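After the structure tokens below, expect a handful of questions from me.
Going in written order, the chains are labelled A, B, C and D, and every chain counts its residues from 1.
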Amino acid sequence: MNRSYDILCMGRSCIDLYSNDIGAPFVEIKSFAAYVGGCPTNISVGTRRLGLRSASLTAVGNDPVGDFVLNFLNQEGVVTEFVPRKPGRRTSAVMLGIEPPDKFPLIYYRDNCADIELTIDDVLAAPLADSHILLISGTGLSREPSRSATLFAAEQARALGTKVFLDLDFRPDQWHDMRAYGVTVRSALGLVDIVIGTSEETKAATLKEQSSVSVEHSQVSDAHVAGDIRQAIATVLAAGPEALVMKAGAEQTTVFLRNGEVIAAPPFPVEVYNTLGAGDAFASGFIYGYLKGWDWRRAARMGNACGAIVVTRHGCANFMPYEEEALVFIEERGGF
Amino acid sequence: MNRSYDILCMGRSCIDLYSNDIGAPFVEIKSFAAYVGGCPTNISVGTRRLGLRSASLTAVGNDPVGDFVLNFLNQEGVVTEFVPRKPGRRTSAVMLGIEPPDKFPLIYYRDNCADIELTIDDVLAAPLADSHILLISGTGLSREPSRSATLFAAEQARALGTKVFLDLDFRPDQWHDMRAYGVTVRSALGLVDIVIGTSEETKAATLKEQSSVSVEHSQVSDAHVAGDIRQAIATVLAAGPEALVMKAGAEQTTVFLRNGEVIAAPPFPVEVYNTLGAGDAFASGFIYGYLKGWDWRRAARMGNACGAIVVTRHGCANFMPYEEEALVFIEERGGF
Amino acid sequence: MNRSYDILCMGRSCIDLYSNDIGAPFVEIKSFAAYVGGCPTNISVGTRRLGLRSASLTAVGNDPVGDFVLNFLNQEGVVTEFVPRKPGRRTSAVMLGIEPPDKFPLIYYRDNCADIELTIDDVLAAPLADSHILLISGTGLSREPSRSATLFAAEQARALGTKVFLDLDFRPDQWHDMRAYGVTVRSALGLVDIVIGTSEETKAATLKEQSSVSVEHSQVSDAHVAGDIRQAIATVLAAGPEALVMKAGAEQTTVFLRNGEVIAAPPFPVEVYNTLGAGDAFASGFIYGYLKGWDWRRAARMGNACGAIVVTRHGCANFMPYEEEALVFIEERGGF
Amino acid sequence: MNRSYDILCMGRSCIDLYSNDIGAPFVEIKSFAAYVGGCPTNISVGTRRLGLRSASLTAVGNDPVGDFVLNFLNQEGVVTEFVPRKPGRRTSAVMLGIEPPDKFPLIYYRDNCADIELTIDDVLAAPLADSHILLISGTGLSREPSRSATLFAAEQARALGTKVFLDLDFRPDQWHDMRAYGVTVRSALGLVDIVIGTSEETKAATLKEQSSVSVEHSQVSDAHVAGDIRQAIATVLAAGPEALVMKAGAEQTTVFLRNGEVIAAPPFPVEVYNTLGAGDAFASGFIYGYLKGWDWRRAARMGNACGAIVVTRHGCANFMPYEEEALVFIEERGGF
């Protein structure tokens, strides 16, 4: 199969404004570094730096922040020619306070944002048939028209033999009802080959009660979700995907296969600086291994390495490791 | 299985305002009869008149039109205790011109309407576990929060052994993108046991191009959809339902089973007066037969009879036939 | 001053659906007569029937209800060439129950309606310079873009020597905050020559507390407003208008002039059948007299006669009296 | 008159994110300094630093950015006890690129923001009767409910003998129609004592054509407006205000009085670093002089000094000069 792109990453993007005053409470922040972020966009850069041919299907506004995002992606070599501008809509922004080890208050500016305006026509203009993987994300399902465009893209991918990866990307404040997240994700799972998420996100995908979700310190990217993880895993896999890849930060990654097999991949211990973006680095490394045809464990180890590297750094897309760097990192820690 | 309700009908309701000046162009209408309508609500009344125990899960506003709808349902014996009032939202209304045989301009007043505000909490308060059938409709999937509430209800029904019927109910002007209808319906089909719809609606459910849909004379309830009906049927059934029941107005009903079987049920020829509501009468009759444990053909013939009766009448819910009446109608025309 | 139109009526229009079952509670209504209504549109027809050259600046949707409204106006001879169609917006509708003498529940279907989409460009395309009077209404100020378009029209009218009449047209459910009605009306009064309203509406225009407004039996067109009427009159007149014409249904009309003068015009006693539209008939008659150059009392008596005639009839625009009819009515009752 | 506050500043607030990479194109910015901004909020801080007793009537979201804004205001000694939190709404944010001398691209994140949710109830809870001055701004009139709340506040102030200052604050992208800005401002001018604005803003307030406004380099805070400035001044003053104070950056300030008098106040020449906030510094200095009872020229000179100081600095609120500092600045340049 000869396709021009290894991966087409569909969904949100933003300017990431990350506190330069590490450890300072949010109200005392003096300046923010300016990066690029957003789950699928991070993965487009992460995979690109690992040598894959990545294309982006995000959307930006007709504003300098949109220029900022596109300029960065272009510099990285991520293909942006399929990224539409949405007049009258703002490019998303995110602000982040950084108080390690456990306080990372995060504020989304996503009201009427550009990337949620992705349409079925935008999907039809994108190279779905010419990509090995389509990556979609949970937040892309949160509102119309992005929701039906995302489902449509997954359907098309299926029909075209393009593998569909879903990053669960659970951001509670982007949903009108916590339970609607799970309802919607479940309605998409039949179109997905591989699901990537944390155990909290897996529980969110099978959530029954609103009260099961709690967010502390405005850490929207790290909601706690009550629930039975075993049942959640079973529910997700019963809906169709071949695998559920459960990343776990400092702990081991576990891959749950539809056939019942469970594969563990130990972590690379590092000191946490900023957890944001680590999950997307993981996904990038995992996808790299997947496309190399590696086994689940080895691919997950590659993911773990990429995640471990980013967790020691300040931001997301701008700090994704390069192929050589990741392989050396693993080598230095005893190899795969 | 001992359940209190035969059927719980979820979704839209409205005051139906139907031209009393049959044959008059819309601009010359002098008065409108006031009935009750809306696909699931029609079916709640239609099944009730056939002797089933029906409950409604629609929603109405805090206005006299809401009183009008509830008053009628109560008179009919449809259980309305699970119907929420939605403050600040208007009970839906529909106006209809009647120019037989083929011009029925229809105008929906559904902007910010009450029934699209059905929530997951409303579903949790409804007797899903205590009903044999849950009936949902395509329009209930058109907007949030009704969309996730409808999907949630279907999931719950599945888990509870309650059969899920989906009336395709394609109303193009209720969607931001014609193709989003199909995308959304397809994402729900895995939760559905039996699909009811016309061939146009079946094609809409598998629509690939916006331009395939055309609406003439504002007949939103009777859009024409281009496409390959064989492929559409195959796509619908491949997504999970046991059967696709294709009603066809004056022509025969055809039931397509997942196992490849195709069952035809001939129509009862009558003179068309107003086609609106006939499809919901059909569904009522079909569901009646289904719950009696009849075979597909006999159930569909019962549906055809009910549809034929209503097509000779002025409105929808208010004109649904009673059990005796329908059985006599069939008897007089040579029986099942 | 040689102008083509006597009056340009700007603002809402609708299909009026009025109960044919006089005295029946709303839930028992069997049919509704279909008329045309909406304060400024009623006045366009009312003045036209009295022989004035009237033009409409309402807006309708691209739907059969829009055709219905325009068809009626065209038949009446009201000029509709300046009325824009608003794609994607619905022509307004109103339903009314009629239980004389005092219960007239009224339901507005105005969510996202066409006439609130009137823009400054629509105003620029209208013959403001070629009309003797511009009539605007309170509801036209309730939401954007109609609000700024209405203010803009009044400004232009002022600059062009076109007299500005404001019908207070207080409809509480069209405002996000009862007090915003008064705030907004007061901000417009500096552009108005003559204000027409009831004492309740005058109090609403100077409202200080939300709780001062009460609506019974869904009678949105007849809200009760607590407050000091003397102070309300003083406040309105201090803001600029030359006159406040206070219509009072069965009681006498009173004209309050900026210069302190107060003129009373006795009513014509009749039996009340349906009060809706009577106020607009009054306005039509008053404007007729105003343009004839009559004194305040005589103009108000003409208004009273027109109002009295309509109050004995079923609907609004469709029941406005003709010039001859109104003059004979007055003659028969002892003259002006 | 013994009042607790010198000034109550009503309207927008935000986190100001200002490029730390002076001269860099927006796409190359590495970090942003975090300040507080928003016209009325800048003036609350500017006046406070000059020794006045200032209170804020802005609104913030229930988020860390809201904490950031309030924390800063509290540190400055601006009274924030009347500032409501608006759940579900985001505290406004602004990003700014800085390329002196003439390119300052600015991006507002104001969709569904907290400060436009100010209500009449918020106004009723604020100390209007206990303040010498109420400052309102043009952007506060851009959308409901802030618009009617702002008009209501001005009305109340008038009734209470509180002087009303209006900063024209023209931000074209906050309006659905450029001309609606002027329409709305003009409808408020009858309630205003003193208007502060640039010549561009004055022309915007009397704008007749959309095409008259042009924005370059996303400089929303510095739109160019075509039009006749003399006529614009006359129109503004004819609507009621006692004075129009026209600030002019590097050029002289001119005060136009209703009585026809024109007073010029020469500028203090400085090198421009960042023009943002300079206008609000001017307003602060001017208001300081006004409350001291100084003549127009002396008050405007004080304003010029404060503006000149801020134009040499990086941000807005955080860089407002203190009383001593401003007076010394003037002294060193030859005095008033």
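Definition applied: a contact is a pair of C-beta atoms (placed from the backbone, for glycine too) under 8 Å apart; a residue touches a chain by one contact, two chains touch by 3 or more.
Being a predicted model, the structure only gives us computed values, none of them experimental.
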{"item": "Distance in touch steps, counted as few as possible, from chain A out to chain C", "value": "2"}
{"item": "Duplicate of the C-D contact set - from B-C, A-B or A-D, the pair where over half of the pairs recur", "value": "A-B"}
{"item": "Greatest separation from chain A - chain, by CA centre", "value": "C"}
{"item": "Inter-centroid spacing, chain D versus chain A (mean Cα positions, whole Å)", "value": "41"}
{"item": "For chain B paired with chain D, centre-to-centre distance based on mean C-alpha positions, whole Å", "value": "57"}
{"item": "In chain D, residues with contacts to at least two other chains", "value": "none"}
{"item": "Topology of the chain contact graph, where touching chains are joined (line, ring, star, complete, other)", "value": "ring"}
{"item": "Touching pairs - complete list by chain label", "value": "A-B, A-D, B-C, C-D"}
{"item": "Contacting residues of chain B [partner chain C, same complex]", "value": "15, 17, 20, 26-34, 63-65, 67-68, 71-72, 90, 93, 95, 97, 105, 107, 109, 111-113, 218"}
{"item": "Chain B residues touching chain A - in the complex, by the definition given at the top", "value": "119-120, 143-145, 148, 151-152, 155, 176-177, 179-180, 183-184, 186-188, 190-191, 239"}
